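Below: one structure, written as structure tokens.
Labels for the chains are A, B, C and D, by order of writing; each one numbers its residues from 1.
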Amino acid sequence: MGLMTRTPVRVRFSDVDSMGIVWHGQYIRYFEDGREDFGNTHGINYLDFHSRGYLIPIVKVGCDYKRPLRYGDTAIVETRFADTESAKISYEYTIYNEKTGEVVATGSSTQVFLNLNHELLLAFPLFFAEWKKKNGLMTGLTT
Amino acid sequence: MGLMTRTPVRVRFSDVDSMGIVWHGQYIRYFEDGREDFGNTHGINYLDFHSRGYLIPIVKVGCDYKRPLRYGDTAIVETRFADTESAKISYEYTIYNEKTGEVVATGSSTQVFLNLNHELLLAFPLFFAEWKKKNGLMTGLTT
Amino acid sequence: MGLMTRTPVRVRFSDVDSMGIVWHGQYIRYFEDGREDFGNTHGINYLDFHSRGYLIPIVKVGCDYKRPLRYGDTAIVETRFADTESAKISYEYTIYNEKTGEVVATGSSTQVFLNLNHELLLAFPLFFAEWKKKNGLMTGLTT
Amino acid sequence: MGLMTRTPVRVRFSDVDSMGIVWHGQYIRYFEDGREDFGNTHGINYLDFHSRGYLIPIVKVGCDYKRPLRYGDTAIVETRFADTESAKISYEYTIYNEKTGEVVATGSSTQVFLNLNHELLLAFPLFFAEWKKKNGLMTGLTT
């Protein structure tokens, strides 16, 4: 299984391009909406890291577009924590059209840990290791 | 007369809404493009202030829309320094369609001075007062 | 009194600029969020007009910034219908910080009516005149 | 070798997030800037397709982030046409920091062809097949 949140995101008028569909770059924002909701729900949002002295910049993002979204639609962003052994945070996203239930896009993102001097961490911050344990995710915690 | 810059801004595909015209909120960004070009040209950009210990947040902005801009158009943002006695920076903007020469929008913005503790300054920073003198703008410098 | 909606808008990470506060241009989007919520609630949203053959582009917008909003805050956008005799739709906005209750910004917007040939209407569309009557707003309906 | 353009893109103040670096979603826009410049230079931009009855929506995009960009930087977007046999348009992007010459990001995008009824084309439009021939790209043109 895995940890997951489902986040409704209303399509804004300004999200839509001249083809009458949501501009492809907006989906990166919808992923962020999902990721933030996940972080808020499970206690690992941007500010939870920042207050402990860590930055978590995105190092990789990707999106596959299946069907268009239009103004008036609501997107449901399903955000799944993708467990990994390396010192990274990975999420997988599936975006649904709320009305039809159809998949409109899938994607993924990867973040790394920096300290406040912007130096890369090669191991999980303790706080995050404990979070993983608490959630039954043991991968990468044996070192 | 007054200090002025003219800044070309190409309309991006993603600037255009489902009516096929530039979304009205983008003009605030075009004003910022003009203001930054003015600041770079005349030595009073955001970083010039920041490096001296000042923040210059926007406290007021307004825009009147006259004609639409479309994808493929280039906007010319005319940015004029609007001299004022109070401890503020004001600009007036006129946006033209490069191809037709027609005015597509006019607007204005006002910024104030904060120190890095986010406290409001009631007088011009010395650096800015000297900039005004150097440019023949004496207003508000008698105190 | 007057017709009014109150719309919560969560501040996105990507709404915030390098000063750590919501970028001033985002407030134009928050106004749009309020205006759309008002339109959905009261039956006069963008699509209600479009399906009857009208476009309602923005011709004027303005914003006064009082206090900053930060990542993690929720804005409450209060949108009031501002009755007018002319063939326009005007709204007034007050944005509050949900947590503190403080006013963070005020603003306004004006829209006109175009037909689908992009020609300006000099009188209210019948549909909108009836909407005004139904809501006890008689201004400009005597012609 | 291959067809390529190099497009300077100035980092806007509003592109930068609260970490002081360009928000990751903006790179999708920088890719679009590169792709549009390529299309304008080589006669296959969005409007060239649209005027012939084709839409070219994005079906896949990805970005790998190597180093941050900051306000005041200029990005150089290198856009390469990635030849393919299938009825798609693919580009590969490398973004450099103009000042340092360092690679800040790499990425790719894929577009498909729709007719104006939004139906997928399974073969190249003739116009695009001829463009490929003219540019010495024969792949996928034997059918």
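Methods note: contacts are C-beta pairs under 8 Å (C-beta built on N, C-alpha and C of every residue); 3 or more make two chains touch, one makes a residue touch a chain.
Everything quoted here is computed from the prediction, not taken from an experiment.
Enquirer: Quickly list, by label, the chains bordering both chain A and chain B.
Expert: C, D
Enquirer: Could you compare the number of C-beta pairs in contact for B-D with that for B-C and name the larger?
Expert: So, comparing the two chain pairs, more contacts are at B-C.
Enquirer: Please identify which chain has its centre, taken as the mean of its CA atoms, farthest from the centre of chain B.
Expert: The most distant chain relative to chain B turns out to be A.
Enquirer: Just curious, how far off is chain D from chain C if you go by their C-alpha centres, in Å?
Expert: Whole-Å distance between the two chain centres: 35.
Enquirer: Taking each chain's centre as the mean position of its Cα atoms, how many Å separate chain B from chain C?
Expert: Spacing between the chain centres: roughly 24 Å.
Enquirer: Round to the nearest whole Å and give the separation of the Cα centres of chain B and chain D.
Expert: Averaging C-alpha atoms per chain gives centres 31 Å apart.
Enquirer: Residues of chain C touching 2+ other chains?
Expert: 13-14, 25, 29, 32, 71
Enquirer: Using the touch rule from the top, collect the residues of chain D that touch chain C in their complex.
Expert: Interface residues on chain D, with respect to chain C: 13-14, 16-18, 20, 23, 25, 71.
Enquirer: Would you mind writing out the residues of chain D in touch with chain A in their complex?
Expert: Touching chain A from chain D are residues 19, 21, 24-25, 28-29, 32, 55, 57-65, 68.
Enquirer: Which of the residues in chain B end up touching chain D in this complex?
Expert: 12-14, 29, 32-33, 36, 46-47, 71-72
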